[in-house]
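Alright, structures below, take your time with them.
Two complexes come next, and they have one chain in common, chain A, joined by chain B in the first and chain C in the second.
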Partner chain A sequence: MRTKDLSYWLFLAPVLLALTLVVIVPMLLGVYYSFTSWNGIVTGEFVGLQNYIDLFKDERFLDSLWFTTKFSIVSVILINIIGLSLALLVTGRVRSSKLLRTTFFMPNLIGGLILGFIWQFIFIKVFASVGEIIGMESLQGWLSTTDTGFWGLVILMSWQMAGYIMVIYIAYLEGMPKELLEASEIDGASTFQRFRYIVFPLVAPAFTVSMFLTLSNSFKLYDQNLSLTGGGPYNSTEMVAMEIFKTAFTQNAFAYAQAKAVIFFVIVAIIALVQVYLNKRKEVEM
Partner chain B sequence: MKDFKFSKGLVASLMLSAAVLAGCSSDGEEASGSGSEDQVTVDIFQFKVEFKDQFEDVVALYEKENPDVNIEITTVGGGEDYGAALRSRFASGNEPAIFNIGGPQDVADWKDNLSDLAETKAAGAALEGTLDGVTVESEVLGLPYNQEGYGFIYNTRLFEEAGIDPASITDFASLEEAVKTLDSKKDELGLESVFAFPGKEAWVTGLHLSNTFLAPEFDNNVLAAFDAKTVDFKYADGYKKIVDLQNEYSKQPTVSLDYSQQVEELFSLERVAIIQQGNWAYGSIAGIDPELADSGVGLMPIPVEGLDNAGLPVGVPMYWGVNKQADEDVIRESKEFLDWLYTSDAGKTAVVEDFKFIPAYEGYDTSKISDPMSKAIYDASESGNTIGWVFMGYPTGWGEDELGASIQKYLSDEASWDEVIESAKEAWKTSRAE
Partner chain C sequence: MRKKWDIKLEVLGGLLALLWLAPFYLMFVNSFKSKKEIFMDTISLPAEWNFDNYITAFEELDFMRTLFNSLLITIVSVVLIIVFSAMAAYALSRAKSKLSTVLFFVFVAAMLIPFQSVMIPLVTVFGQFEMLNRGGLIFMYLGFGASLSIFLYHGALNNVSRSLDEAATIDGANRWQVFWYIIFPILKPITVTVAILNIIWIWNDYLLPSLVINTPGSETIPLKMFFFFGEYTKQWHLALAGLTLAIIPVIIFYFIAQREIIKGVSDGAVK
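What follows is the complex of A and B.
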């Protein structure tokens, strides 16, 4: 086989070109800008590491980073549990499983902004009315405190993404060889044992994919955050993506925001790579 | 056969690469090619979505009168989005001829791209004070869109039924009394509460409300605020009292109460009697109850304790700037268009009747202004009983992200009022020190 000759590179050219133009060049430019005092109009002077030094002292940025981390941990766990449960439900012996699959997947087809507004209505209006009827004080004033804002976001995100993750689990569950399950049944394994020792290891690759998707999506969440809480109250439910956007476009500190974005990218990349590496080790070869 | 497939793939791949590269270059050529040769094309990049259709109609009229001018309008809405879009438009090299600028900060940012408009007829006709924010060393770098104002919008019918004369409310004490009267008659009047205080909208608390209390400190001058290294908050107590009053007699929780709840759901349906908003709320109210909007509301100033007779805060929300880097004839035509818009008879009619603007220029037939809030504002600005919009000179992001956010903290009992004021002072100082 001929490799690495001219035609090899010619075949790769469209992809390489596109990737360079829309990903690599902008990213390098972005890193360069983060060392300047760019204000969105003129590049400004070279300020070295000043932006990076500032951001580690920036409480608002660190707060949003912490908030995002908490949010991601909780949603990754919840989404995967719900997604797997739904997948097990619809691959089991349920009559209307086709219909259920569609229904569970549906939230994912609605845009994040719209979902945010719908859930805002549910949290503020519906929760309050229901709370009034059944006399539960804790359903009042949702989204007006940091805690309810946090859980609001988690609920919204889980509701939206669980269906999507469910589809991934379904694919792996249905691809499982039936002989193994039958054999374990004949050997007298209980339902739990079968799940723990047969199903679980076999769908491990699905965990890698699902956790990667949920983790990176939760970290980068922006539109749901914007429309559901808008960062309020007092910017306490502001996630990193939104914080960076605000730094750039409301404070016009473009270079500083760019520095935050670089750090954010590094963090997400490290977490995602570590996660994939760890998960990969748990997978079993068929 | 195999070779054939291979070369076909190669050709396809090469064509794709060519397409990718071609995509990068086409932009510049297209821009210069549009329009016929003797026509001057004026690109307008503007942000007011609310009057997009009416504006396009008026421009079509102008193009008919001036066949050698071709005007292209792009509208991008919202404050943040507009600023971002404008920056990318300039970065792409496809610069507009006419664009919008806000306050002194925008003027400073865009200074190299703004041509002097002092000689235009419109600048000559601009009302006193409306050009303050865009004047740099005798150069006028922008022309006002319109005027806007805000204060307490109240429901006249409810006031009447409660036996309150709005004219008697001149200071904080009389306002408090009126609020208590309204509160005591809540059930008869069918009110949910007296106020609807939108703590979620940081611009209401952090920009507009704070302006009322900071304007006297800066002599009503936006440039004084823009140049100030520090802020004193001389009237911080009065500010606290108004925040407390609105918060205490408002529907709870105020921290998550937003504009649409405040204006549309609560005020327009007459479930609250007073809201702190401006003439822009007319559209929202009229969308729900046109009768209320046209004849059932009034606008009064926000009282400042320790200061008698504070006026209505009236200002210019946005200016037109003309791109200095554009071709000479494009600049000339741009100025002419703006002159026509604000000083010709056809333009004036459109400004008042179609755009429903409160004109920032003299020589308008103000009897055509239909809604009561705009009327109150124009009357106030004519008689000079106004205070300035110094918030346009606040440090970037300070009003909403610092002060407004701290007030949300205060409303959630996470901070004391002193902490709010202290952190706002500190933030002002740091951001001005840079």
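What follows is the complex of A and C.
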């Protein structure tokens, strides 16, 4: 097949058309709109960088960006610690390994929206009633404050994503040469030493994959945010994706929301490009 | 050396598994209780296994119809993504040229774009062409899903020898036949991965359908669930029955294709 052939273009036509109309054209239009005062109905005039100047003074947007960053850092750390621990557990000396994997992975298959609703029930109702029984004041009123909303989101995401990250770590752990571990055991290395000097260096590439996967998933979070806290109380748990949505569809400030969306794209793209860069560097080293 | 059995690890694993399942347990047992019973006790089993909540939720969710919508949209989208992405990846991997490299790069680069960055113009443009309906939604899924799928197929195709293509061509097969009769069947393992990743994503997607589907009766499960939950916020017994119903199809799918799902998700992430 050559690029001159008709068949080449016929094979490519459907996806090229879809990608162009669904992603490329909207992206270019979006960048253009972000420099106008478009509100969805009237095209609006060209306003230059005004939207971008405004958004850096927009406290609600900056708060959501800060909240998202805090949330992402905490969840990336927790999810990876839990995910790696679960992976070590199920690849260890247990007989129920398969059953455990199935269980830990299960939350990933269910949509974030539905999981958020289930946890809303747990935080609001179950926490309150358990708190009453064991006399713990701190279990009352979850999701009604910024802090409990934050930790609620962190708990939900850790519970959901740890099993996913576990699967990735398992792939690397099981690809590890068994002889190495056995040899070190015979040589008298302790569990900690084995982990530190053999397992850890060999699963290091899994860290890059998992860290960036959780980072970009946390940063782009929308469904769980919507169904668990809805951004409340007083928009204090609103993450960037939701803030953009509300700016666009609640306040009808389309062009302004689009400017925020462009900034959002830049941040997400930087995260991804750093990952690509780190991967490439590692390949060179190897 | 055989693995020794570690009873402490086993117990720890069991306890963690129970902790992981606790949210599902709580959802399930409370979905059978009355409003008053939930108020009194959220932990224990229901006094009686009463299906009233389910009957109400089933009707309010218009469950069979909503389930059908979700199935229809997911199946059609995933089939189209598989067929067209595999074809495109084949063309890109067999016609080695600068153009193919550039196109492949464009597809991969498109993965970097978060949905929120294109959402507003997408909805306005498709709205102007009266395409905010199920057909439009499926087309959008093709656009958003193609990148990762092409990427995965492209990787697999690079490991399929070109001598197969050449042999079939000499035997008189045209491009279309070579691809569908010779190449596509070899790609089956990656097709399973592509299918699973796209099924999980599309089945659970809420935001895109919420923007695209606005005719009553066309809603998917997440979309309908959102409205249903909004209506019954203070009535947890009904909300929980609805949530349980919404999860059942996924659990069935998980039981049937467990191995493929875990393998697919891990392959998709690692590659």
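Throughout what follows, the second predicted complex is superposed on the first by the 251 of 286 C-alpha atoms of A that agree within 3 Å, B and C clash if a C-alpha of one lies under 4 Å from a C-alpha of the other, contacts with A are read in each partner's own complex, and residues count from 1 in each chain.
Operating definition for what follows: a contact is a pair of C-beta atoms (placed from the backbone, for glycine too) under 8 Å apart; a residue touches a chain by one contact, two chains touch by 3 or more.
Treat the numbers as computed from the prediction; the structure is a model and nothing was measured.
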Considering only touches as defined above, state whether A:141 meets chain B (first), chain C (second), both or neither.
-> first
Regarding the shared-chain residue A:131, is it in contact with chain B (first), chain C (second), both, or neither?
-> neither
Should A:7 be classified as contacting the first partner (chain B), the second (chain C), both, or neither?
-> both
Counting only touches as set out at the top, which of chain B and chain C does A:252 meet: first, second, both, neither?
-> first
Partner chain(s) touched by A:235 [first = chain B, second = chain C, both, neither] | first
Based on the superposed arrangement, let me know which partner A:44 touches: chain B (first), chain C (second), both, or neither?
-> neither
Using the touch criterion from the header, give the chain among chain B and chain C with more contacted residues in chain A.
-> C
Where chain A meets both chain C and chain B, residue numbers | 7, 11, 14, 18, 21, 40, 248
Report the residues of chain A in contact with chain B in the complex, numbered from low to high.
-> 7, 10-11, 13-14, 17-18, 21, 39-41, 124, 140-145, 230, 232-235, 246, 248-252
Residue set of chain C touching chain A in the complex reads 1, 3-6, 9-10, 12-14, 16-17, 20-21, 23-24, 26-27, 30, 38, 41-43, 80, 84-85, 87-88, 90-92, 94-95, 97, 99-100, 103, 106-107, 110-122, 124-125, 139-140, 142-144, 146-147, 150, 174-176, 179, 200, 203-207, 222, 225-226, 229, 236, 239-240, 243, 246-247, 250, 253-254, 258, 261-262, 265-266, 269-270
Sites on chain A touched by chain C in the complex = 1-3, 5, 7-8, 11-12, 14-16, 18-19, 21-27, 29-30, 33, 40, 86, 89-90, 92-96, 99-115, 117-119, 121-122, 125-126, 129-130, 159, 163-164, 167-168, 170-171, 182, 185, 209, 213, 220, 222-223, 226-227, 240-241, 244-245, 248, 254, 257-258, 261-262, 264-265, 268-269, 272-273
Parts of chain B lying in touch with chain A, wherever the complex brings them together | 6, 9-10, 13-14, 16-17, 20-21, 24, 80-81, 83-84, 87, 90, 105, 109-110, 199-200, 252-253, 255-256, 396-397, 400-401, 405-406, 408-409, 411-412, 414
